[in-house]
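Structure first, then comments.
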Amino acid sequence: MALLETHDLSKSFGALSAVNAVSLRIAAGTLHSIIGPNGAGKTTLFNLLTGQFPPTAGRILFDGRDITGTAAHRIAHLGLARSFQRTNVFPAFTLLDNVWVAAFACSRSWRGLVWRRTDRYAEVTARARAALADVGLAEKADRLAREISHGEQRQLELAIALAAAPRVLLLDEPAAGLSPEETRRMVALVRTLKGRYTIVLIEHKIDIIMSVSDRISVMHFGALIAEGTPAEIQRNPEVRRAYLGGMAA
Amino acid sequence: MTLLLGQILNGIATGMLYALMGLGLSLITGVLNIPNFAHGALFAIGAYFLVSVVGLLGNFWLGLMVAPLGVALLGLAIEWAGVRRLYSAGHDYQLLFTFGLALILNELIIVIWGPVGISHLPPALLRGGMDLGFTFYPKYRLFVMLMAGLLVVATWLFLEKTRYGAIMRAGIENKEMVSLLGIDIHRLFTAAFALGAYLAGIAGALTAPIRGLSPGMGVDMLGIAFVVVALGGLGNLLGAIAAGLLIGIAQAVVAAYWTEASTAVIFAVMAAVLLVRPQGLFGIR
Amino acid sequence: MKHPLVLVLAAVVLLPLVVRPAIATEIWIFAIFGLGLNLLLGYTGLLSFGQATFFGSAAYVAGYLLKHYGIGVFSALGVGIGVGALSALLVGYLCVQRSGLYFIMLTFALNQLFYFIAYQWTSVTGGEDGMPGIPRPPILAIDFRSPVAYYVLVSALFLLSLWVMKRVVESPLGRILQAIRENEVRAEAVGYNAPRFKLLAFVIGGAFSGFAGVLYAMLFGIVPLESIGFVFSGNVVFATLIGGSGSLYGPIIGSVVFIWLSESMSVVWARWPLLLGVAFVIVVLFLRGGVVEAFSRIWRFSKRTT
């Protein structure tokens, strides 16, 4: 049963059709990658899924419920969390506070919102620390977000998404701008998350995609041109033409 | 009925002046990214300069030419001496600078020209009324409508048809891009401030014979200019005209029946529009 | 600075020894006003240039009730908080829909609306002349008409306000507001309805402003038209910025500096707003990070050299 589905999802900006009748089925517990050249509409698709703007047409279903048009701030509470392609953290906060804020949002109750001291929320703080530990940043919890390296900020990006204890993780190019060593670590990290979460991954680096994905969807000019297992996609001639451009696997 | 029509005409005249104020403020605020709290004071100084120049040279037309130039020069000085220096400190400080300046200028007006209101007659040519068929209407107000209309057209031509105008419009949209294109962003700021100040100054000069002058006229006008920009949108010429006319006519019509509420109506109209359309008259959500 | 609260307590005790009790009272009232603004400015990143709307509205309403209906001090303060919060809810609702420059301009324009209403509604507000004759009722047997007694009341209320604001900024709300300031898109993505939280900050700030407004009316016995005007709104922004908007205590320092400045100037010249404007301009041009920032930089520097 598909945990996350889209039916003919479309988004146009005036005459520009950024996402064109995309129909996806993401099965629970799998890692489903979306690849495609720059400008294929992948990030716009994510923006639609997370409610940054409403679609021009089509529907989004989450766990059987129609969530089309749900506002961005409600999406997190439904169980979908997202990391961004360009690092989007809270620069003046410590790493712990960065994640704490995300963890608090999804806690069962907001009791004491205006008067209770933040250090009295043991459960929230524990979840925040766990998310930092998951991404390997536990020792740097008290450093400021703007002071850590780019690679560590990408890890923080991920931790913020994890803090919401979501069912679905939408990861937009988590390895963007990382060195080969950092990329290896990011891939290992994503692997540990596989199975615990349903993951939709946008990535450019083919080796990452091939090694971690259960299924791959290929987008080109806003439309889906292929879908299948990594092996099937590799063999698909249309995909080769549009994207892989004859690169060896 | 003639009263109402007459009031609507009044509203158009003041509305055009409001549009000019909004336009000038919109240019400064749009290009420099700070609300110019001294804009009302520039308006007032335009009016007082006119009175002084006319007093000195005895000619209204000369005054109308010279006074706004004086205000533009003042604008240049303000931008150069203060706003520019605070560019690195951030918008909050530039904003506070214009606020401090507003205080200084408003008080200077009292120091130089006295705390009592002054009235100023229109030039002999424009005194008296003209027969419009349904009513006699003051010639001077018709002149103001004409003049303001010409200025708006001139500004439009400048912004839309000249290269520098295009640069200014681009500067409102995206300053980084403009400086990346090799254009001196600081000169753009100075030009925008001077032009905005000029528009405020000439609006003030034109207003003098209609309502007379008082030291508080700047502060009153400042709020109205902000309303025009909030409703019309930054850098939006059409928006400024539409917003200016809307509140000008609303104010004039209400003044006929309930004088005390006429200025408050301007802000009430703004609040009402924003309730229904938070993005203003022409903004996009 | 390890114990700022101790310093504040010391200031509260020592201030009336240095300046007249009335001026000291004014300082703490303005500090409460500044605390309200700073929740918006420093913590949420919203420059509200119309806080006088809530300050003045509360002063007028509570002043009217004090004068004509003889209500007590606590009722008046309650009314002040209520009016401040309600007017902030109305104004905030319109303003939080826009951001950046439009937000600033709207707060200012709506301030002008309230100002014009106060200016024209002379039968109630007294227009340009203000609303004189505001009494200072006693609490039980305690008479507050002496400047010292009122100072004690106001400084106690100030300390209470400071404690409340401290709780607010150290609560999850405080952190959420700062998150909105740091990165509004991410704050929404993480699950916070940003406009609604901004509105909440507005209302709390308005409540503080209203509270200060009532104390102000009782201090001077009059509600002047200026208390709802744009100069007043600008003054509290100035005071908060020079005190340093980055800390809870910044507005307190700013209030001390500002009230001292404006009181010194008002005795020099009738045109003292001009001097005040000059002071603004000088401070802004030369003392930008604010006094707290300057001090903390000196502090950090001295620590490094020891």
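By written order: A, B and C. Residues from 1 in each chain.
The working rule: a contact is a pair of C-beta atoms (placed from the backbone, for glycine too) under 8 Å apart; a residue touches a chain by one contact, two chains touch by 3 or more.
Not measured: the values here are computed from a predicted model.
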Contact clusters after notional removal of subunit C: A | B
Innermost chain, where centres are averages of C-alpha coordinates: C
Chain of greatest Cα-centre distance to subunit A: B
Chain centre separation (subunit A, subunit C; CA means) in Å: 43
Subunit A-subunit B separation of Cα centroids, rounded to whole Å: 49
Averaged-CA centre spacing for the pair subunit C and subunit B, given as whole angstrom: 31
Partner subunit C, residues of subunit B touching it in the complex: 29, 33-35, 37, 82, 85-86, 89, 92-93, 95-97, 99-108, 110-111, 219, 222-223, 226-227, 229-230, 234, 260-261, 263-264, 267-268, 270-271, 274-275, 278-280
Subunit A - residues contacting subunit C, complex: 50, 71-77, 82, 84, 88-93, 97, 100-102, 104-106, 110, 112-118, 121, 160, 164
Contact footprint of subunit A on subunit C as seen in their complex: 167-168, 170-176, 178-179, 182-183, 185-194, 204
Subunit B contact footprint on subunit C (complex, rising order): 47, 49, 94, 97-98, 101-102, 104-106, 108-113, 115-117, 120-121, 230-231, 234, 237-238, 241, 271, 273-274, 276-281, 284-285, 288
